[in-house]
Amino acid sequence: MIQIGIIGSTGYAGQELVRLLLQHSEAKIIWYGSKSYVGTPYSQVFQNMFELVDADCLEDNLEKLSEQADVIFTATPQGYLASLLNEKILSNTKVIDLSADFRLKNVEVYEDWYKIEHKSPQFLSEAVYGLCELNREEIKKARLIANPGCYPTCSILSIYPLLNEGLIDPSTLIIDAKSGTSGAGRGAKLGNLFCEVNENIKAYGVTSHRHTPEIEEQLTRAAKTEVTLNFTPHLVPMNRGILVTAYASLTKKISQEEIHAVYEKYYEKEYFVRVLKPDLCPETRWVEGSNFVDVNTVIDPRTNRVIMMGAMDNLVKGAAGQAVQNMNLMFGLKETKGLEIAPIFP
Amino acid sequence: MIQIGIIGSTGYAGQELVRLLLQHSEAKIIWYGSKSYVGTPYSQVFQNMFELVDADCLEDNLEKLSEQADVIFTATPQGYLASLLNEKILSNTKVIDLSADFRLKNVEVYEDWYKIEHKSPQFLSEAVYGLCELNREEIKKARLIANPGCYPTCSILSIYPLLNEGLIDPSTLIIDAKSGTSGAGRGAKLGNLFCEVNENIKAYGVTSHRHTPEIEEQLTRAAKTEVTLNFTPHLVPMNRGILVTAYASLTKKISQEEIHAVYEKYYEKEYFVRVLKPDLCPETRWVEGSNFVDVNTVIDPRTNRVIMMGAMDNLVKGAAGQAVQNMNLMFGLKETKGLEIAPIFP
Amino acid sequence: MIQIGIIGSTGYAGQELVRLLLQHSEAKIIWYGSKSYVGTPYSQVFQNMFELVDADCLEDNLEKLSEQADVIFTATPQGYLASLLNEKILSNTKVIDLSADFRLKNVEVYEDWYKIEHKSPQFLSEAVYGLCELNREEIKKARLIANPGCYPTCSILSIYPLLNEGLIDPSTLIIDAKSGTSGAGRGAKLGNLFCEVNENIKAYGVTSHRHTPEIEEQLTRAAKTEVTLNFTPHLVPMNRGILVTAYASLTKKISQEEIHAVYEKYYEKEYFVRVLKPDLCPETRWVEGSNFVDVNTVIDPRTNRVIMMGAMDNLVKGAAGQAVQNMNLMFGLKETKGLEIAPIFP
Amino acid sequence: MIQIGIIGSTGYAGQELVRLLLQHSEAKIIWYGSKSYVGTPYSQVFQNMFELVDADCLEDNLEKLSEQADVIFTATPQGYLASLLNEKILSNTKVIDLSADFRLKNVEVYEDWYKIEHKSPQFLSEAVYGLCELNREEIKKARLIANPGCYPTCSILSIYPLLNEGLIDPSTLIIDAKSGTSGAGRGAKLGNLFCEVNENIKAYGVTSHRHTPEIEEQLTRAAKTEVTLNFTPHLVPMNRGILVTAYASLTKKISQEEIHAVYEKYYEKEYFVRVLKPDLCPETRWVEGSNFVDVNTVIDPRTNRVIMMGAMDNLVKGAAGQAVQNMNLMFGLKETKGLEIAPIFP
């Protein structure tokens, strides 16, 4: 039984970790960390957990926790983990960080986009970017996982095969993404109120969203050439789900069938990536609550572009689910353990 | 492994059965019945099931299926099962009927409220009303289960303890219920369109909803006196969930603590009924996707009434989940098998 | 041209006042009061007003404003107006208060339910309860209007005819109400976040909601006998709209047609109250954005009860629209001026 | 008083025409045409119109109507008007067609994208594309207006200034658009059901949506060079609103301020196009119910692209509102007449 601590268990991603780990037969949560709810029963913060979780929230004490836990998940604000991580913690336990602190290898890029100083750049090179489908072998051996951002996970998996094959021109890449509101977190902010989000759609963070360099870094690795792209996120009036619609110019004449075959080859053995049948577009409703990413493409011969689409649940494959997938890999378990539930619809 | 057939697997309740049975370690679906989609891959009707279900929809052939299945779930329109059921089928297999055909013991009441002739009243006395918490022992021995309606399940579990204890006056009972839109089914009707349901709330079937006699019959059994009540359902712009707010006059002076203790006593051993802490009101978001019913009460000394509230997922405890719970009981399995998932939030 | 000041113009009700007054040919807003946004352009707080309102938010200075304005609308928290009102202000200008400060004639009842001390009870007897359909003549002569609460407006108009006619037993009255989320205000609270409200329904303030004594006081006046009732509000995942479903026992045998005729008689000359055709239930979607209240009833001969239903837009007839209607009456204008827009659908 | 007939008044766009014309002081609707509801009171089809519209639906008889009406609005399926229009009708009355029949000048393009034969291509050259901001003078003299599609209106107004100025490279244009569900019409289709649309986002008509050639034709006129582009619409779980996010490469070094100045120059005198303050992104909630289009841009120096955004209400500026705006122009009225209402929020 893996002993698990969660720092930041009272946000949406933290709570989703709890939901998933409750149905994981090898996992036992021993620490429900929280900044705002210390001493409060966890099931009072999230009443869905009533009679399922019988524990109070504990302070977010990373070092103390590292002595008891086999693995710590940190679902915390940017900068938190970087300010506390040390060699002792990492020698005690494994850490899967759901924040952005260790996702970017270049500390200047991090500080430039996140506008905060990185307090432990010495761990950047060790940290493994936990996109399981791409970095499976490194993940298995890692002590420190940078769990990918929600938009990057969906974007990268949607684009990677064509980019890696050299079939699209990286300089033409545009990602137009749409997310449900749980991605904005559980903070009580005006912009997240029901009446402000409902019956509305808007772009935000245009040209400046902090997932941009993360996507670029990973796609640069894939393309083996510098990728600079436009990434525009939008806020959609729904709880969960991310949809990515990405555009790029094709580098050569290629048929829809051939493109489809590329995706099928790349993801043939990937349980969590579903390449849809031709002509079907990914929709967030078909992946809700699950760790699946649905992908598909459409070629436009008129413009010589390909439209690459991906849909996933931002709280599962985009956060907690992928974190559990990483844990499974790190502990030598079946990769899908605890993640085999079917998507919930409607 | 229980061999399972589903007649009407392409409605919302049928699909929810599939979702739940996929995570049930003793269940194997061998027949995805459908009226409209015969020959179509099931995962094309519900793309959440892509790569999870590899079967085509079959015709709704009850008799043929009865020879292969250990149990048949019928998630079909009213009158369907009654028109086809016979002794041969019931001697071949068990039947759990999610329609209303065998819920009312009195055939005149059925025909009066449903406006159709009942074609097999001879099975009415044998059929067991599958509200597990009330009829557990009869269910274990049954061949034919009348799986309760969604509103009745939530209403009865919310009211039963006080009525059974004689603490409320049955003649004062009023049930004001609110349901998500999946309860209206997957038929392409104007009234169920997004733009008609969204940003709206309305009552419907006022004084005439067909769940009324079902609730009355069951509460009459509990109260050991004729119960006639008002039941008013409302349509809420959300996918899942039922909330019941019920009102009745108290028959004697009693404290909030004593009332609460009654519920705790009645549901102490019931895994799926959660009696909330005092002062908390049930909310549908805390039970979504799960088989839980959350209940609680508030006494109003000013009017000498008690407000009884219950929340549950109409597709789970209100349909497919309770059907699986019934199956578990009928096959001697652990009652919670396949139903232990935590509610999904948000 | 009526010179208008709005104190609290940056909440939802305040903004709705602005929207309505912009299309009122006799109204000119000269003061956009705000506590949180002083100095900010109003159209930056509410971008729908961009290029329509060219003014900055001003401090909430009641006395200074009273010297410039013909009428002041206060859309402020409970206790605010009571703490500042004085004879000088009322001799300078008319005041229409959208808060609850002057709705209850009995100061103890106010302090008991609102848990705050009332600072100017001397104006309670002068204040006119601004439910236009009931108190039209007093309103015309008033200096101080207590603009009714949203739930009370819808409840009273739905119940009043039968109660006034003695056709229902006041001791059996139960009001089950449902409201959109704008009724909860624009404060940044966890409970109002999109992900907390969406896909959920819950009761709140059960037996303790502060609109209860307001409804009781007004219905007591109508019934000429003490009315004590149950009022249970629910939060619905939609922006606007209130639906009231009220229950009471009939005091004598009466037909559906006769009941309907009572409503038609009472509301025959009321532009804003629409008595629906028989068999139609009020729905909030049909009144959105307008000052209409749609009402109708259903009799249940089985239980000898009548179900009274009303639907309206909580921000219009339930707040800003009724306030404008009051203003029209006070200034001798056509009562419907600025309020004749059709409901917006979908 | 302009005598108005509406063919297809019982769809969402037809109903919106009614709502807007009711508040237009020079307009009188004399014919509520319908295919499905002939003989039914209009206010029974749309109960928001109860006591506001006292007329029954009439058959969709274009020729007969042309003898009585000064102008006919056709909110009908593609191909309908083209199959019926003749010189006699056009000599009797003006026609504003909300369908696509006369939007494309090239009949082959029409037949290719719409998959139907065009029955009256002889009127294509006469028809004026009714995008008021671009074609105001031609509209004033027209007998036959092709009222623009919703997506094209928003896309063209968002892109036009930069394209017309030669500041963006037409070959790089990509339009990613998002629409509320009323754009899908009031037909009872599975895909438009509440539970299918709610909590979901998806792309549809990828590379094949029929608004593509319409946008291309108009932008080609603006750019004076052939424009071929990608247009991808998405379905958003909200009733109203369209958001366009368009991408293109800049043809020269230019600052954010200069780009902004271009938009301000182009739309300085346009009441219905609001160029937002720098750094603000258009949001559909700020234009709901109104005829406004909010536009703004962001330059990305990293990629040398500009992101052009536009938000509007698909039923108003995207359909009925623009149709009324066209009528105003054609009849020499103030262009904003009947359209000056502020957007409704929330």
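By letter and in written order, the chains are A, B, C and D; residue numbering begins at 1 in each of them.
Note that in this section a residue touches a chain if its C-beta (ideal position, glycine included) is under 8 Å from a C-beta of that chain, and two chains touch if they have at least 3 such contacts.
Note that the coordinates shown come from a computational prediction; the quantities given were computed from them, not determined experimentally.
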Practice problem: Among all other chains, pick the one whose mean CA position is farthest from the mean CA position of subunit D. | Solution: B
Quiz item: Quick check: more C-beta contact pairs in C-D or A-D?
Solution: A-D
Quiz prompt | Chain centre separation in whole Å, for subunit C relative to subunit A (CA means) | solution = 46
Quiz item: Quick one: subunit C and subunit D, Cα centre-to-centre, how many Å?
Solution: 36
Quiz prompt | subunit A and subunit D: spacing of chain centres that average the CA atoms, whole Å | solution = 38
Self-check item: In subunit A, residues with contacts to at least two other chains
Solution: 12, 182, 195-196, 198-199, 237-240, 283, 285, 288, 346
Quiz item: Which residues of subunit C touch subunit A in their complex?
Solution: 12, 181-182, 186, 188-190, 192-199, 237-239
Quiz item: Any idea which subunit A residues touch subunit D in the complex?
Solution: 172, 174, 176, 178, 180, 195-196, 198-204, 206-207, 228-230, 232, 234, 236-241, 243, 245, 247, 281-285, 288, 298-300, 302-303, 305, 307, 309, 311, 346
Self-check item: Residues of subunit B defined as touching subunit A within the complex
Solution: 12, 15, 18-19, 22-23, 44, 46-52, 182, 199, 239-240, 274, 276-277, 280, 283, 285-290, 294, 340-346
